[in-house]
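Working notes, structure below.
First chain written, first letter: the chains are A, B and C, and each begins at residue 1.
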């Protein structure tokens, strides 16, 4: 993959047959939620310029794996053994005239042997190199953006350089019970496949999108990681946390990536 | 209810036959604990002036619901279904000459069809409008202060405009086991009926009062919400958290509202 | 114990037959991890000078209690009853020319009736008084440093003035499952024997040492406390947490104190 994410983004936008690419401002509001806007945020807010293709589409739309049924509940150890292999490492290296080279870490979750869901804000400016893999050592740069809806922070990566381990099933949001146990697995602060446990607190409408709220601990670097139910179904992609709060954490519903 | 909480406080103070009302300083110490003091706090600490009636009393003292017995343990989903309806939304709008209108959110827990326990510091300055309900849309301004002990941060609301769903039982503090599982349900950051799980760490004497310490996550707006045991009994009213710490959270014992 | 920790450190260094004592800089990096270095940290970082004996050794090496087997799982209440008595209070009073007297609180875990494991950074500068006990009221100053490896933050206290309650067993790190439930018990913010629950996220190599990563909540003052598995085995000594994160917490493996 020559030229890094920037080229990939433009290329995939063309492959998708969309009208083209545009520049967006990526920034985080005071509550902690990321936004991609066409206009610059307020003066005191720092932002990043991002190259964004229009619309969302899949070059190769995978089937949505059916939900693993309720009776097949796993212990927290079994769950980690069975699903953590689907959570991959995402490293985005950005070259900047002023600040030099900066590397950010995030997560993604495999839904087939070559497609992985993540949050778009994990991918950085689109001006550097993107690496995906089990960890830093076992990773590939042969990655393209397969689909993207930046407004909803839903991005799909096509990982060609590695064979991924897909999740067991996708949980439908209408079946979700408030109070049920969930697990977050991601790479917070670069700590590979960190697992935490919590409860679902509901599905919330925030900024024109719906999110699963849960208390399972996440931290910077968990973005793009998986929120799983006790059967190992993927519930959502852990996206952000409210600032100055205790585990008011939010995930983009996995199901919504097939919208 | 014309005139908002300020009038109510004075009115209920008269109804209670107490000597009158006084002004107190409401502020939070560096650890995060709220205080209502007669003297101003130190220079660098921001505070709010609050109209406070003397003493604590009930205009209509409800029976204290007996504890649901130990064998009737609920799953976290069942618990949410059975008790979350007792946790109500409290919105306090304050008009201020300097700062204009500000709205703060909190929680309260119903113990009968028209009485709800909360923390006094949720009620704001007593100079604006108070709304109570299931959420912002389904709420009433027909609310009065039924009883108050500001020193202990225990306030009881008489909600006349709505029929409340009382909790199933009140847990006696002497029966509480350190290490047992508890759930917090409240409206942190305005997120209606958010549930979290944790363990009881003990009953602590702090600043001349006793509090239940537990690790169930709470955040600003959880104040006045409920801490429940695994049978759905109300253990306490979630009141504050220690600053710069991980879930060192404290609740006013529910039982102490009947002192 | 006349003269406090400073004298003890020198004395025990001599008793251990090591080459002597040296001065180290104790400071915390931007991630939150404590270090004892021979050179001063960067200009903007505050530090404490600490008297450090060379090497690690035991004056009286206790047997390592075998692991309690997997089938003897305890509830969180039973666990607290059985193991919390092994977690002791550590108070270190430091006299400083400039700042006057300052007291810091921490934790330690008994592994025999007179030896307790802790983190070296809990012990302070070695220039004041050290007290160990069930709490502030039931404590002794008759304490010596029995062994120390400051680079690995592993210190062992010989508590002569009190009879300690040893832990039931020591968990071997190779047997640890990612995703298994663990409990932290310590004295965060001086709150005696606070218990929290979480999951193991793995064993990590950080700064030339291995640590158990877990989500059980810890806070300042938890340092030196115990991380226990569901059978009551001591897994590790809770040492530090990553800054600006949700429960990315680390413990020194208990087993490594016998290295």
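Assume a contact is a pair of C-beta atoms (placed from the backbone, for glycine too) under 8 Å apart; a residue touches a chain by one contact, two chains touch by 3 or more.
As the structure is a computational prediction, the values presented were derived from the model and not from experiment.
Remark: rotation between chain A and chain C after Cα superposition is 120° (nearest 5). Two copies of one chain, chain B and chain C, form a contact in which under half of the residue numbers belong to both partners.
Once the centre of each chain is set as its mean CA position, chain B and chain C turn out to be 37 Å apart. Residues of chain C found to touch two or more other chains are 247.
Per the touch definition, chain B reaches chain C in the complex via residues 31, 177-181, 198-199, 201-202, 204, 213, 215, 242, 244-248. Residue ranges of chain C in contact with chain B, taken from their complex: 75-81, 84, 188-189, 191-197, 217-220, 241, 247, 249.
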